[in-house]
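Just below is one structure, and these are the notes that go with it.
Naming follows writing order (A, B, C, D, E and F), and every chain is counted from residue 1.
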Amino acid sequence: MRIRIVNPVARGILNEGALPRLPEFIQAEIDWLPEGPTSIESRYDDAIAVPLILDRVRKAAQEGVDGVVINCFMDPGLQAARELVRIPVAGPAQSAMLLAAGLGQTFSVILPASSGTPIVVDQATVYGVRERLASVRSVGMPVAELVQADRLVAGLLEQAGLAVSEDGAHSIILGCTGMSHVTERVKSEFAATGFGAPVLDPTLAAIGALLGWRVLGVAHSEKAYESPEWRRPLS
Amino acid sequence: MRIRIVNPVARGILNEGALPRLPEFIQAEIDWLPEGPTSIESRYDDAIAVPLILDRVRKAAQEGVDGVVINCFMDPGLQAARELVRIPVAGPAQSAMLLAAGLGQTFSVILPASSGTPIVVDQATVYGVRERLASVRSVGMPVAELVQADRLVAGLLEQAGLAVSEDGAHSIILGCTGMSHVTERVKSEFAATGFGAPVLDPTLAAIGALLGWRVLGVAHSEKAYESPEWRRPLS
Amino acid sequence: MRIRIVNPVARGILNEGALPRLPEFIQAEIDWLPEGPTSIESRYDDAIAVPLILDRVRKAAQEGVDGVVINCFMDPGLQAARELVRIPVAGPAQSAMLLAAGLGQTFSVILPASSGTPIVVDQATVYGVRERLASVRSVGMPVAELVQADRLVAGLLEQAGLAVSEDGAHSIILGCTGMSHVTERVKSEFAATGFGAPVLDPTLAAIGALLGWRVLGVAHSEKAYESPEWRRPLS
Amino acid sequence: MRIRIVNPVARGILNEGALPRLPEFIQAEIDWLPEGPTSIESRYDDAIAVPLILDRVRKAAQEGVDGVVINCFMDPGLQAARELVRIPVAGPAQSAMLLAAGLGQTFSVILPASSGTPIVVDQATVYGVRERLASVRSVGMPVAELVQADRLVAGLLEQAGLAVSEDGAHSIILGCTGMSHVTERVKSEFAATGFGAPVLDPTLAAIGALLGWRVLGVAHSEKAYESPEWRRPLS
Amino acid sequence: MRIRIVNPVARGILNEGALPRLPEFIQAEIDWLPEGPTSIESRYDDAIAVPLILDRVRKAAQEGVDGVVINCFMDPGLQAARELVRIPVAGPAQSAMLLAAGLGQTFSVILPASSGTPIVVDQATVYGVRERLASVRSVGMPVAELVQADRLVAGLLEQAGLAVSEDGAHSIILGCTGMSHVTERVKSEFAATGFGAPVLDPTLAAIGALLGWRVLGVAHSEKAYESPEWRRPLS
Amino acid sequence: MRIRIVNPVARGILNEGALPRLPEFIQAEIDWLPEGPTSIESRYDDAIAVPLILDRVRKAAQEGVDGVVINCFMDPGLQAARELVRIPVAGPAQSAMLLAAGLGQTFSVILPASSGTPIVVDQATVYGVRERLASVRSVGMPVAELVQADRLVAGLLEQAGLAVSEDGAHSIILGCTGMSHVTERVKSEFAATGFGAPVLDPTLAAIGALLGWRVLGVAHSEKAYESPEWRRPLS
C-alpha cells in the first residue's frame, strides 16, 4: 500500500527524521509544500495553507497513490480534499479521536499551546465524539520549540498523568504531528508509570485509518463529500 | 454604524441589486473579491476563496469600519477572520441559526442544492444548535440559476411549507445569500399561507448580529479566537 | 424603535438610574408592576409575578410599542407572553445566552446567589445551549444588597476571572438585571485584566435581540407560540 | 399513604368520576381551585393558574398530607411548589416520562391538540429525557371535547398505533389528565392490537412516583429546590 | 404484591440481614444463586453470573411472583431477563438513576471501588440520563470489606459531601446493593449535615419501580424487549 | 499479524466459506464454540453465549495470538473480554460504527430482523456515536435464512437504497456477520446504483481496527477495562 504523507508546511523544522517509524508493509512517500507557513498553529495559518495542500492532494491522486495523510493535527483542508479526490484522505485528529473512542470511553488531547483548545473542541464536535473528550491540555511550547525533546517529553508526561488522574482520560492523544519524534519515548515512559492509558501518535492513527479502510475496500462517502466538479468544471 | 459586507466572490452573478434592503441607520459598504469563484457551493470552493477573503477583512479593519459581514452562507473563513481582527466579524449562517434559536425551538434551512446538506449539519453542530435543526431542504437549483426569481420563489415556498408541516420547523432560514433578492417576496407570500413560521434572510441576520453586539459594546471573544500574531509575526 | 421595558417588580430597589445606558436610536419606556415582589430570586417569586407581568405585556401591545423586554434574568413569563402578543418579546437570559453563543464556544453566568444555579441550568437547557454553559457562579449577595456597588464589582471581577481561568468561559454573562448599574465599570475593569472575555449585560442583550429581529422584520414564531385565543376566548 | 390530588382547574369538566381507579392502599383526596380556568391548554393558561395552585399545595402541606400531585400534564407550578414545601410534589408529565424511560428506550406522548407539542418538547428537555421522546402526536380535540369517550378512544388508538409503527415508540403516554376516564379502555384495546407497547396514565404515574419515593423515604432535593424563605420571609 | 429479590451471588457475605427494611405491604422473597461469584465487581463477574441469574428469573416467573429485582448495582442480565419473562423485572441502578432524575437535576453514584466508574458511566448512558450524572465517586473498599460498617459509613459520608459541594450533585445514589445495611444510618447522618441532598438505596429504588409499574398496570415494553422465543424455541 | 476470529456459535450455519476474504498479510485463525446457540439474535442468546466466548478469548491469549475478533454483530462479551486479556479484542459493531463515523456524518445498520433495533441503538449509544446513526433497518430474515444469498442481496440492496434516500445515510453497515458471504456482491451492486455510500462488512471492520491498533502499538485502555484479577484471583 502506497501512502502519500502531505506535510502542510514548507520543509523546515519538521524533517523526515521527525516522522514516526512506519510499518514495513506500508510504502510512505513524504511530500512538502513548496512554500507556506513553517507551522500551523491557528485557524488563520490553516486557512492560508489549505489551497496549497489541496494542490498536493490532487497531485497525489493523479500520481496514483492509494491514500493520502494530511499530516497536521488541525486536519487542514481534510473535508475539501475529500470532495476533490476519490482516493482515501485521512487526517491525524479525526483518525486519532475515532481510534481512541474504541479503546475506552474518554481521551484527552495534549497540545503545544492552549490557544488551540477551542479548535480541538470544534474538531471533536464535528467528528461526533465531543462527549468522549475528557480534556484538552497543553505543554505550553510553541511548535518551533517542540524540537527540544527532553523538555517536550517532560511536559507530555506531566500533562498525560494529569489527564488520567484529574480528567478521567482513558487514552492520550498527542495533539501535534510535530511531537512524533518523541512518541516512542513518551509511550514507553508513560507505560512505566502504571497509569494504564494508551498514548496515540496522530500520524500513525491516520495511517492506521487508511489501512483499515483498505481492508474493507472503502473510501470516504460520496454522499458526505460530493465532488465540486459535479456542479461545474473546476477552474 | 459603518459595516463592510464582503462578498466572497468575484463581482458577477450577485450584483448590488441582489442585496436585501438595509435599515437606514446602517451604512453598508459592499466589497468584492478581485478574483475568485463566481459562487461558493462546496468546501473546495470555500477553501480556495478564504485567503482572498481574509485579505479583504484585514483591509476593512485597517480602514476603520465598525464590523464585517462575510456574505456567504458557508461563513467562509469566519473563524480565521476573527483571529485576524478585533472588530466584529459575523457570518450569515451562524447569525441566522442563533437568531432562529430565539424565535422558537426549531428551524429548517433551505439550500440551493442538496449537496450542501452535510455542510449545514456541520455548521449547526459547531455553532451548538444541532438539536434545533429540524431539517435541511433544497430547491434543486445551482447558484447560477438563482437569478430566476419566479422559479426560486416557487421552490422556496414549497420547501418552506414542507419544512413546517413535515419536519416541524418553527422558522425558515434562506440558506444562500444569493437568495436575498427574493427575501421580501418569500416573506410576504409565505406569511399569507398562514404557516406562522418567520422567514429569515441570512445577510440581514449577520447585520442584526453586528448591531446587537454594538448595543452591548462587545466583539467576538479573544479567548475563543486568539490572534495568530500572539504566537509569531504574520508573514 | 419604541421598546417597553417591563420591570417585573414593584418600583423600589431598582430605580431608573440602575438601567444601562441605551443606544440613542432606541426609545425605551420603563414600566413597573403596580404591586408584586421587590425582587425575583426563586421559581416561587417568578410564579407569583408572572400574571402581573402578562398584564403589562398585553397593555404594552395594546399601546402599540414595537417590542417588549421582560427585564429580569429569570425571563419570567417569557413564553406565556409570546403566546399572548404578536409583537416581539425578549428575555435577558435567553438573549444573552444566544448572543454569547455567537461570540465564542462557552459562557459563564454570574448570579447574585448560588440558589439560582439549577434555574440557570434549566434555562440553558430549554434555550438549547446547555453545552455552551461553562459554569454558573455567584457573588453570594442577595438581590437587596446588589446596590452596594463596590462589593458587587469586586465579586463580579473575582468570579469572572475564575470563570475564564478555571471553567474555560469565553464570555461572561451578568446573571441579574439588578447588576446593570455596574456593567460599564465591570466591563472596563475586566478588560483591563487581559482575560479577553467579553462581559454581557443581559438587559442590553434583550434590547439587542429586539433590534436584530427588527432588522429582519420578524417576531417569535407562531408555530412555537400559538395564541391561547385560537383555542377559546380568553377570560 | 395520604395523597392530595390538586386539580389545577375550577371544578367543571373534570369531575371525580374522571379520575383513574387508585390502588386501595392509597388514600387520595381531591382538591380543586376555587376559581381559575376550566382547562389548561397553553403556557398562558398555565401561568395564570400557578399562583392559585401554589396556595393549594401550601394548604395541603399545612394539613399534613404525605404528598401532592399537581394533576395536569403541563405540570403547572411543579418546580415552584417544590421550593415552597418539603413534602413530595409530583407532576404527571415528569413522572410518566421518567417511568416510560425505564420500560424501554422511547416513548410518545399523545396530546389533545398539536399546539401543545413545543411545550411537551420543552418538558422532555428539562426533565432530561429529550432523546427518549420518539414523537408528540395529538387527537385533534380541544380539552372541552375529551368527554366524548368513543371519539377520544378511537383517536388515541389510531395515534398510538402510528407512534409505534411510524415513530418507533416503545411506550405511549396519554398527554392530558383529562384522558384518564378512558385509560383502562385504551389500555385493553391497545393491548389487543398486539403492538406490545404499554400505555401510561399520567395521573397514576405521579401517584406511582410518590409511592416510590415513599419506599425510599425521600423527597425532592433541597439542593435543586431551595426554599424562597431561606432568602427572605414570604409575603 | 409478591416480589422475588434475586441476589446474583452465592449466599455468603450478603446475608438476609443486609437487606434494607421493606414496606409492609410488600411480600419480598429472597433468592440466591446456587453457585457463582461471591460478589460482582467487574464486567467479567457480571458475564459469568448472568446465565445463572436468568435461570432464577425464569423460575420466579414460573412460580407466579408479581415482579423480580435483580439485586446488584450492575443490573446483571436485566435486559436479557426482560426478553425472557413478561412479569416486571427491575434493576437497582436503572431504577435509582431514573428516580434520582425526578428529585433534582443531577445525581452522583458512590461505588465501592473506582474500577467500576466506566461501567456506571455506560449504565447512565444506556439508561438515557448521562447528562444527569454529576460524578462517580468511590470509598475505595472492595465489596468483601463493605461489612465494616463504620468505615463504610465514614467513607460514604465523606464522598457524599464532596459530591454535593464539589460536583454539584442534587441526590446521592449508593452504588452497591452490598451497602444496604448502612443505608438508614447514612441517610440520617447525611441529613444532619444540612447538605440537603437525598440518599438513595438502590434495592429500594428497584422495589419502588416495581410498585410504580403496578400502580399503572404496566411492565417493560415488548417492543423494546422482544421475546427470543418469537424467533425460535429456546434450548 | 496473527488474529483469532472467535465465532460465538457452534459450528453450523456459518462455515468457513462464509467469512469475507481477508488481506494476505493477516494470518486469521477461526475458532468456534464447542457448544452453544446456532445464532445470536437476542440479548438472551448473547447472555448465554458470553461465558463460553470468554473461555475462547482467554485461550487465544494464552496461545499467543496478536488479537481477537469476537465475530458477531452484537459484540457479545466484548467489554468483559477486554477486562480479561491485554491483547487487543475487537467487536464488529463497535469497529464498523467508528469506522463509518470517519467516512461521513451518518450511517445506517441493516439487520436480519427488526427485533434487534433497540440493541443496535444501545450499542451506538454506548459506543458514543448515537447521533451518527441515521437509521436501523432490516431485511426481515431470521439468521437461519441468511444463507439464501439472492434473497439476502435483494433485501440488502433495497434497504440500503432506502437508508440513503430516506434516512440520509452516508454509509451502510451490514448488521450481521452472517451476511459476510454476500458482502462483495452487495458492495459491487450497490456501487453500481450510484448512491455513493460505502458498504461496510463488520468482520472486516473489526480486523481493520486490530490492524490500526497494531500500527500505533496500542490495545484497549486499562483505565477503561481494569482486570478483575486486580481485585481478587479469578475462580
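Definition applied: a residue touches a chain if its C-beta (ideal position, glycine included) is under 8 Å from a C-beta of that chain, and two chains touch if they have at least 3 such contacts.
Please read all numbers here as calculations on a predicted model, not as lab measurements.
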Sorted by label, the chains bordering both chain C and chain E are A, D
Overlay chain B and chain C by their C-alpha atoms and let me know the rotation angle in degrees, rounded to the nearest 5. 180
Inter-centroid spacing, chain C versus chain A (mean Cα positions, whole Å): 43
Using mean CA coordinates as chain centres, what's the gap between chain A and chain B in Å? 30
Note: chain D sits from chain A at a C-alpha centroid distance in Å of 51
Give me the residues of chain B that touch two or more other chains. 104-105, 118, 122, 131, 170, 223-226
If each chain is a dot and touching chains are joined, what shape do you get: line, ring, star, complete or other? other
Under the stated touch criterion, can you name all the chain pairs that qualify? A-B, A-C, A-E, A-F, B-C, B-D, B-F, C-D, C-E, D-E, D-F, E-F
Residue positions on chain F within touch of chain D in the complex are 117-118, 121-122, 130
Residue ranges of chain E in contact with chain C within the complex: 104-105, 131, 168, 170
For a test of understanding, state which residues of chain A touch chain B in their complex under the given definition. 37, 41-48, 50-51, 54, 77, 79-80, 83-84, 113, 115, 118, 122, 125-126, 142, 144, 223-228, 230-232, 234-235
Residue set of chain D touching chain E in the complex reads 22-23, 25, 90, 94-95, 98-99, 101-106, 127-129, 131-132, 164, 169-171, 187, 195-201, 204-205, 207-209, 211-226
